[in-house]
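Okay, so chain A shows up in both of these, paired with chain B first and chain C after.
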Partner chain A sequence: MNEKRKIRLATCSLAGCFGCHMSLLDIDEKLFDLLGMVEFDRTPFTDIKRCGPCDIGIVEGGVSNAENVHVLKEFRKNCKVLVAIGACAITGGVPALRNNIDLWDCFQEVYLYEGGLEGNQIPNDPELPLPFDKVYPVYEVVKVDYFLPGCPPSADMIWKFLTDLIEGREPKLDYEMLRYD
Partner chain B sequence: MGAPAMSKTITIDGKNVPFSDGQTIMDAALAAGVYIPHLCHNPQFEPHGSCKLCVVSVNGRNMTSCTMPAAEDMVVANNTPELNSDRKALVQMLFVEGNHICPACEASGNCQLQAAAYYLDMLSPHYTHFYQPRAVDASHPEIFLDLNRCILCELCVRASREVDGKNVFGISGRGIGTRLVVNAASGRLGDTNFAATDKAAHVCPTGAILIKRQGYRIPIGQRTFDHKNISEVQMEPDHE
Partner chain C sequence: MEPHEFPQIEQQLAPVFERHGREAHWLLQILREAQEIFHFIPSAAITCIAAHLGVPRTRVEGVAGFYSFLSLKPVGEYRVLFSDNVTDQMQGNPELMRYFCHKLWLEPGKVSEDNLLSVDSTSCTGMCDQGPAALVNGWPLTNLDHERLDLIAELIRGRKPVCDWPPMLFEVKDNIRRSGTLLGEPFASGAAIRATLARSSAATLLEMEASGLRGRGGAGFSVARKWSMCRVSPGEKHYIVCNADEGEPGTFKDRVLLNSYADLVCEGMTVGARIIGATKGFLYLRGEYCYLLHKLEQALAQRRVAGLLGRNILGETGFDFDIEIHLGAGAYICGEESALIESLEGKRGRPRNRPPFPVTHGYLDQPTVVDNVETLACAARIAAQGGEWFAAMGTAQSSGSKILSIAGDCARPGIYEYPFGVTLHEILDDCGAEDPYAVQVSGPSGILVSSKEFGRCISFEDLPTAGAFTVFKRGRDLLQIVQNFVHFFAHESCGFCTPCRVGTQLQKKIVDKIANGHGTAYDLEELKQLGHIMQTMSHCGLGHTAPNPVLDMLKKFPDAYQHKLKDLAFEPAFDLDGALETARNITGRDDAWAHLP
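And now, the complex of A and B:
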């Protein structure tokens, strides 16, 4: 009964490549230590689809479509501390390279000129989220409490950050851990 | 020390720093191994005073240290939380004004803008990104010009004019419309006499001017600022 309540942690990837999630998994055997301290809510690891009340939410990737905004707002609403992880969440990153190219030009390049298995057509299913003309960093959409730069941030950096945060210290990164690439 | 010309001193953050007549605060600081953050300054060229990263407090007034001549008994504050916070804001503004996507940039790890941001502990660009459309000029057979990464330090302008004697680059426009231009009727780098051996091809603090086919010769992780702080690197002789 006296067992300390575990920290509840949620993660998601918006317009990202899941590289930051891979880097989190890269903490290897420390995953066991992490599971001793936290329990996962919504995350690709649990396949839970909706985010409930959490202590920490970690968001990878920028905001490139309407669904990204819904997920991000759900995280902000439910997570006491919201962390933007990786270059895409913090600056738009590589997906933001399309920001100076007209969206229609992008679609034509990807779907029309070369064609796909179903011929030359731009996907138009109502289930598909509406794409934005630009990719935005998450802090331009919701308030973000902590930033963890890197492409991806190293496993050591993620581990240092998470243990600092979970154990109640202000997260502090060494020089060699702070990287934008 | 001890030479009569060096008998005058200023203090920077309480440290006595000798100077000779004609030296700026930046000159004296660099000679004494005191790091003042800077981007548009390079000791090999006339000071420009545009990036404002090197602003220090001189007897309580903020001054640009790369252009301000040192004078006897100046009391300079440099490495203070207030000044570094202002410097961080300046770097953040540079990041959102251009299109600086470090993971996709060949200069990452060798970039002084990035290194200054590391030094100032910048965790995010903080401000709203402009995402301004800027041109990439690949017309030159040996050199890329990517204006997405230009911070208007004018080092290439100065190097081309003062060292190469070519005047390949210039600055045009005003305010937010200010941009680097190329001195050719077509505006294209390929139509100038710019060469990869020119000084101006090697002074860009970011990745705006890059030599082609060199990009990843030194892998990410083994580059200048990957393990060494810019405050150490810029104190080394001939670092630029």
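And now, the complex of A and C:
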């Protein structure tokens, strides 16, 4: 058997909008090429819920609650190379806009003033992920190997990055890909 | 509710406008005075000032937002700012600040409910030899202790105006411990100007050349070269500026020169003006030293009476020159010469692209010389006594003497003048340093020297310095010291370029992380890489030098941080479980999922 072992790839979205995942899908017909090179492990595309040993892990979104930490640590443990994709994963991004608002004020606004489905009360079900005081960037919680900037990074950039990595080259993005004006 | 309304604002600002006229380069001075009147810059004042100067509102707001001593939100009628320089810290300022806040039922950074008082910290106030220090409404308070703070609290509660407080609270000593030719020898006002007029400007420039005098503000550029370049630069007007921003933490020698040798400094400026052909000079005085303003104005007035400033100086027809004092408002970056010029023009202190350099395009785009206070004092001596006399002191490439501001762990902090070439051993002996372990030479942007290197000497060839000399004894927590420095840079970065704006913040975060016991070998690597980026990619000297203390510590003082490191490749930057505490309290949850290991 001399068929090359396929690269295993996992992705997840923490506090993000799935925009970065959409951008990955935006590589269009090259998705078929990608599927020729990789096998997906846990991702929203496969709906696999737990991450096994992988070569590459891609994380979208910042770290906003306790569950995000569990997912992120699972990724770090299992993925040889961990990539933070998009402004949210890299800096906290849009969700981090809440960092300037007191958490108690947020809860009041959402659950107390207008009233939720169950009336005016703050939910305390253990199944709900418990939010942090702030939204944190991924690199503050685990070691990150690569950062792909953009909101979202373009499909071209993601494609170039992944093919470099899969083919064993140090990923290199030229200036044109990194500018957004 | 709009708590602060100012129906009389135009009348209140009228005298300020009267004093300063309508040119936009007065903006910073106008804002300083508005801050004094209202204890902040109200929105209505911004509108009013913008209309008066004929500039956009955003320009006024942009400047008001840049300087630490200006504030867009109300601060107390009494604003007490504790100096958080490392020496103040070692002398107990953090504890004193807590004590004071506790006593007055106040949180740092907040204004008391009756708008009477606010307390906060500020970068080095230049009183390191007589700390712990603070500023109250801009006036320096020295030698603080519990007793003095009790008295101050009493005065504030009794709403006594700061000008009526007991003078002993504000006493600032010169503390000159060792003087050489610059500080020690007598100087007759006018001698340098007379000598310059007698031998001609060109000949005096040759004396400067022969003296080998190099700038004392840090970069060490040849004074003769700077002056001759400016002299030949075409321009409608030429300007000379005395850089009295003295913002480098641990430096306070310019304070003493301005307090007791102002005549010598003005004389240096006047000689320079004669040589470069300037009719106007500025003294840019850091906001922290505004207590010297009155005395300096008096010195200038006396010189005018004596015919040493003004029209036809010393009877020389057409030799007109005068000096104007501009006050800063709490921004370290304004010591950088091009940022200083921006500030003089009433703008945010943002360093310019260089080249062109100020000698060709400076104040209002005209040829401008910017020199440090001490440089100008030396120049006056050289003009009076000749270049060779000066060159005979010091080392081959560092002629003359250097004034050091010595503070920290030593028995006799203060001002020491040495010929260049003096070793650290000798200095440490003289100032009575007890078991010295490290010295920060030239402030946080300078060099952290370990005890193994105490044989090195103060000079441009070996250890160049702008004057700060901060001694640390064995047992001091060096990591904490470096932490203080990186916080300083993060606070003072002007924010213009990304490598420094972001780099100083990241540096602060990582050093904090290590100090809090979450650091790993990975973080050390990050610091090194970050330092390299800042040194090579930043726009100005602040960003270039901000990593120095970190890199010096990593290289020379492994013991300072190694015991703090976790034995892992990576550790989160914050306490994960702790960051859930707020939400636990709000929801009342304490289940397993509400915690992180």
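The rule is short, and it goes like this: the second predicted complex is superposed on the first by the 175 of 181 C-alpha atoms of A that agree within 3 Å, B and C clash if a C-alpha of one lies under 4 Å from a C-alpha of the other, contacts with A are read in each partner's own complex, and residues count from 1 in each chain.
The definition used in the following text is that a contact is a pair of C-beta atoms (placed from the backbone, for glycine too) under 8 Å apart; a residue touches a chain by one contact, two chains touch by 3 or more.
Since we're looking at a predicted model, the values are computed, not measured.
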item: Clash or fit, chain B versus chain C on superposed chain A; value: clash
item: First (chain B), second (chain C), both or neither touched by A:122; value: second
item: Partner chain in contact with A:136 - chain B first, chain C second, else both or neither; value: both
item: Touching partner for A:48 - first (chain B), second (chain C), both, neither; value: neither
item: First (chain B), second (chain C), both or neither touched by A:178; value: first
item: Touching partner for A:35 - first (chain B), second (chain C), both, neither; value: neither
item: Clash with chain B, by chain C stretch, listed 189-197, 279-287, 315-323 or 351-359; value: 351-359
item: Overlapping contact positions on chain A, where the chain C interface meets the chain B interface; value: 134, 136, 139-140
item: Residues of chain C defined as touching chain A within the complex; value: 522, 569-570, 572-574, 576, 579-584, 586-589, 591-596
item: Residue ranges of chain A in contact with chain B within the complex; value: 84, 87, 90-94, 96-97, 99-100, 134, 136-137, 139-140, 144, 146-149, 151, 175-176, 178-181
item: Chain C-facing residues of chain A, complex; value: 66-67, 69, 103-104, 107, 122-124, 126-127, 129-134, 136, 139-143
item: In the complex, chain B residues that touch chain A; value: 95, 99-105, 108-109, 114, 117-118, 121, 123-126, 128-129, 131-134, 220, 226-227, 229
